[in-house]
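Shared between the two complexes below is chain A, which pairs with chain B and chain C, respectively.
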Partner chain A sequence: MSALGGAKPAGGSTGIAPIPAIISLVIFVIIFALMYRLGTPLAMTALIGIVIGGLLIGFGVHFVPVGGAPAAMGQAPGIATGVAMLAAGGGLAGLFGGAWAASQGTLVAVVTGAIGGGLMLAITCFFVNFVYIYGMGIPAASGKVKKDPITGDTQPEYKSQGTEGHGLPFVSFVGGVIGGLLGGAGGTLIYLMLLDVYQATLPGVMKATAVQIAPVAVSLAGMFAIGIFLVIAVLAAYNITGTIEGPHDPKFKRFPRALIASAVASALCGVAAILLVMV
Partner chain B sequence: MSVKIEVIEGGIPHQKILIAGLVLAVIGLYLSYLNVIVGTQIFAFFGGLAAIAALIWGSHTIKILASYGIGTGVPSAGMIAFGSGVIAFLFATKFGLYAPIVAIILAAVIGAILGYLANEVLAMHIPVMIKSLTEMAVVGALTLMGFSAMISGSFTFSALTTGSTKVLGMSLPSYQTSYIGGALIATVFLLGAIAIQHGFNACLGPGWKQDRMLMLTAECGFLSMMVAAVMSAALISPAAAILSFIIGLLGWYYTYMKYIELSKRDAAAWLDMKPIPEVEGH
Partner chain C sequence: MDNIVFSIGITALAGALAAVAGAAENVESDIGSQGDPNSQVQLAPQMGYIHRIYNKAIAGEPPAWGLWIALGAGIAWAFMAMQINPILAIVLGAGLATFVQGVYSTTAYLGRTASLSKFGQPVYIDIIKSMTTVTMAHAFVAIFATVTLCHLMNAALGHPFPLPLLGLVWGIALGAAGSATGNPYYGKERQYQTQNFGAGVPISASGNIVRYAEAGERNSLDNGFFTAKLGGAAAGVCFGLIVFLELWRTVLFEKIGAGWGAIIVGVIIILVFTVIDRFIEVWARKNYGPYTKPEETSS
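Our next item is the complex of A and B:
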């Protein structure tokens, strides 16, 4: 038990441990083999779509500036809540937006979902800065970089002593919107893939017409999409261990291992969701 | 990262809570199955009691996991518990009578793999991670199954997706007036996810006491049970829904008073403030 780990260097370890990565790959291959053995080509396409959606969510979470409790006191940059809450807010807003456009085709729906998620996070980021600047009277300043990578504005002059920075610098704002776009697109893609599978198979399973089972198909696809979304969002949150400033944060470099975890987790949950109507 | 900041002193050991929660939840679920055997809906409330037993167990698991400082906030634990639980629960419903057993096994497999991913691939290295995520996925699945049995009277796929509506005196099958088709499951998902994490989220800190936290979780569980009873009026007979509601109300009242008592016991000082202070001179 590595109980006495002590303080880790900034950014923590970013590498991928080889043996767990290989074991994850084996689990991933077993899941796909199981799907190939039991499912139809439609199910296989759906599972691939779910994994792509999972990767988008897992990658997108790393962009969102999460401040946690220190941000609520203006002592760290970011939005003052946890990763799971923010990802759920942005991603599920996107998912609901995309679900409205489901009948217009995959591409339109996914783009709509991305815009929904991005818009949700843009509004959140805007009001976070509004409250910080006009409510608490503090400027936006990053604690992790000397210059904003996008605007080139210098940061240390505006940073209060004893804090990690505060508010949302421009790069964090952009990161939040990108995270919302990716999360919303991923969540919608998972929903659409499952909806296709259920609409094709449920009439046979439940011995009813496609119109009759539509509410069940929508509800099942929605619940599974929310479940998969939350699992991946929390795993990605575990990867960044709490707070991150955005794409310029050193912790952002940890994303490759979150992609491995997201791929395996989405395949695992997706195969259960598809086999519900296949076996 | 994995420095354990609090230890559990005294109180009931976790193993006992785990076994009690698991056994009571499974017994409660099968007692709710009496509905199908006897041909009534009056035993639906056993599902709610099963869910509360699972929630109390889950709350203690969150305490064990969160005492290692996972850094993502306590609510995230509730979200992953129900995110993985809902997948196991929905898949298990197709196995009819064996649904609770299948749900436990499948949730344990999903939870263990997620725990492995978190611990090894994401390099969390928390000793209890795999065990805790396994337990929480099972808790999530059992809680959802318990509330489902309470709202729709059964936990099988056909019962959860098929309801009936009366048109001109005839009873027709309707998929919209059902637990899943009507998306009542989405409400239950968050009712459970909030109830499982609130106990520890509200009671954590240096003054943490096991009995107080578990009592608060039971109170949240009964509160959720009351809401679920109101929703169940749409799907099961009014008598069964009212019985569930009364049991929820009595349980909530008892646990709430008990929780206030325990809070007074653990508080440094207690000022019994009236809701609206009386102004002098009236």
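Our next item is the complex of A and C:
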């Protein structure tokens, strides 16, 4: 992973480097050509779904306000933990709900997954502010903007001396919920796509009935969905490089770069997960 | 009807177990100095402040707890497949996962502290003996409670994921909720107890953690005693609410509107938390006031 991080342009850049983007595009096309050649229409649809899910996750991670170690000392706004891991916590809680609702159709399951992720992060973000305000007596203040873009509350005078802000201003809270919604939806979509493929192909591969292979299909789809989720969350976290306050943070503008990486990474992981049962 | 009552009972039990798990996870993390605040424990000797605080950031809390709970759940699952009673299987799984946590803790403390030898930070053998076992005890409680609630989701509520996969999902969620809620309280309020209350730690004070207690040098058990009062409880309520509300909305409202009932209730719960969050944010701004005079509206 450090090699991926090292290959990126220097920190602070929001642009898309042309050569890596073209290489990514070529890899992306090769993966789809491979799938067209080796897979079935169902597998092709699943791969497209997995890429959409990956894009949702990669985009969603950028919304989650994460302050890392400085936030744990009230030196910077955000949630005091890692970007990838917090997004994974929310997104996987969403995947839990989405997988439960899988029998009710793709749309209901994906929305259920989204709500599960949003709910997890809404509760977590609320408790972050609760501890800051009632445990430490510190009001929320952003270090990146002078006014909260949603509420219009002024921010600089609420920053304590020698810090870059603390807690979760309202825009960061909303960002966290949106991040959870997108992560939960993306994770669930990947799970459902893989589940469809496994349910269709595993009975033939294992020479068993659909009922007999159901636990294997669910387990495999769940494992790959969690794995792909973590890959994309970590990629997006490298793009963010450390901490981000939410959608109002200048670092948020870096998301197009993460979308390219997420599309290629999810396609690569997806093709491996699908061809596992097809070749 | 009986089925719904049974499901609600299981939901309540799972929520209660999650609350215990969240609190135990946070106290383990604070005694073991597992989360982001450990950056200061690592930094302090480099700034000339030698201390007796446990130092074991093995990984971020979410992946660490994902590992331990998936491990506990996996071992319990294997024992259950061997027709061993589920409660005994979960106890054995949690116990073995706790030993893995103990091994990681010991090696992390020795490795991290040894890396600070050039700054004069000693490895305290008595710290390893007294703190590691306490973190293991808290880890056992958290792993047992979380694996049990995963088993309830799988066996009683019928979630399709197998137990180890549920363990990984809820282990990562437990670490995420616990670290998000508990880290600031340990990092700012306890490690920097000498700094002003009601303000963040100035960046210039980084590394100058509190090293002395009422009698003698402060150790990590003192930190656990302090943070259990608010950080631990808040992390417990946070994770308990996440598990309870997620299950509650599904169990009660999933059948309404072909799944849309649970979605609508979920949206309402998110909106309720949004309103409460906004309320306490405004409350804090009014009651704690600005630190400096508002800037002129030139921008």
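Note that the second predicted complex is superposed on the first by the 268 of 279 C-alpha atoms of A that agree within 3 Å, B and C clash if a C-alpha of one lies under 4 Å from a C-alpha of the other, contacts with A are read in each partner's own complex, and residues count from 1 in each chain.
In the analysis below, a contact is a pair of C-beta atoms (placed from the backbone, for glycine too) under 8 Å apart; a residue touches a chain by one contact, two chains touch by 3 or more.
Given the structure is predicted, the values throughout are model-derived calculations rather than measurements.
Trainee: Here chain A is shared; do chain B and chain C fit on it together or clash?
Mentor: Aligned through their shared chain, the two binders clash on chain A.
Trainee: Among the partners chain B and chain C, which is in contact with a greater number of residues of chain A?
Mentor: After superposition, C is the partner touching more of chain A.
Trainee: Which partner does A:R257 reach: the first (chain B), the second (chain C), both, or neither?
Mentor: First partner only, chain B.
Trainee: With both complexes superposed on chain A, which partner does A:G68 reach: first (chain B), second (chain C), both or neither?
Mentor: A:G68: touches chain B and chain C.
Trainee: Quick check for you: in the superposed arrangement, does A:I226 touch first (chain B), second (chain C), both or neither?
Mentor: both
Trainee: Tell me which partner A:G82 touches in the superposition: chain B (first), chain C (second), both or neither.
Mentor: Both partners, chain B and chain C.
Trainee: Quick one: classify A:F130 as touching chain B (first), chain C (second), both or neither.
Mentor: In the superposed model, A:F130 contacts chain C only, not chain B.
Trainee: Is A:P215 touching the first partner chain B, the second partner chain C, both, or neither of them?
Mentor: A:P215 contacts both chain B and chain C.
Trainee: Pick one for A:Y238: touches chain B only (first), chain C only (second), both, or neither.
Mentor: The first partner, chain B, only.
Trainee: Could you look at A:A273 and tell me whether it touches chain B, chain C, both or neither (first, second, both, neither)?
Mentor: first
Trainee: On chain A, what residues does chain B touch that chain C touches as well?
Mentor: Shared contact residues on chain A (touching chain B in one complex, chain C in the other): 68, 81-82, 85, 88, 215, 219, 222-223, 226.
Trainee: State the interface residues of chain A toward chain C in the complex, per the touch definition above.
Mentor: It comes out as residues 68-75, 79-82, 85-86, 88-90, 92-93, 95-97, 99-102, 104-105, 108-109, 111-112, 115-116, 118-120, 122-140, 146, 151, 153-154, 156-170, 173-174, 177, 215, 218-219, 222-223, 226.
Trainee: Any idea which chain B residues touch chain A in the complex?
Mentor: Checking each residue of chain B against chain A gives 1-4, 70-73, 75-77, 79-80, 82-88, 90-91, 94, 106, 110, 113-114, 116-118, 120-125, 127, 158, 161-162, 173, 175-176, 178, 180-183, 185-186, 189.
Trainee: Could you list, by residue number, the parts of chain C that touch chain A in their complex?
Mentor: Interface residues on chain C, with respect to chain A: 35-37, 39-40, 60-63, 159-162, 165-166, 168-170, 172-173, 175-177, 179-189, 191-192, 196-206, 230-231, 234-235, 237-238, 241-242, 245-246, 249-250, 254, 258-260, 262-263, 266-267, 269-270, 273-274, 276-278, 280-281, 283-285, 288, 290-295, 299.
Trainee: Using the touch definition from the top, list the residues of chain A that touch chain B in their complex.
Mentor: Per the stated touch rule, the residues are 1-6, 8, 12-13, 16-17, 19-21, 23-24, 27, 68, 81-85, 88, 206, 208, 212-216, 219-220, 222-224, 226-231, 233-235, 237-239, 241-243, 257-258, 260-261, 264-265, 268-269, 272-273, 275-276.
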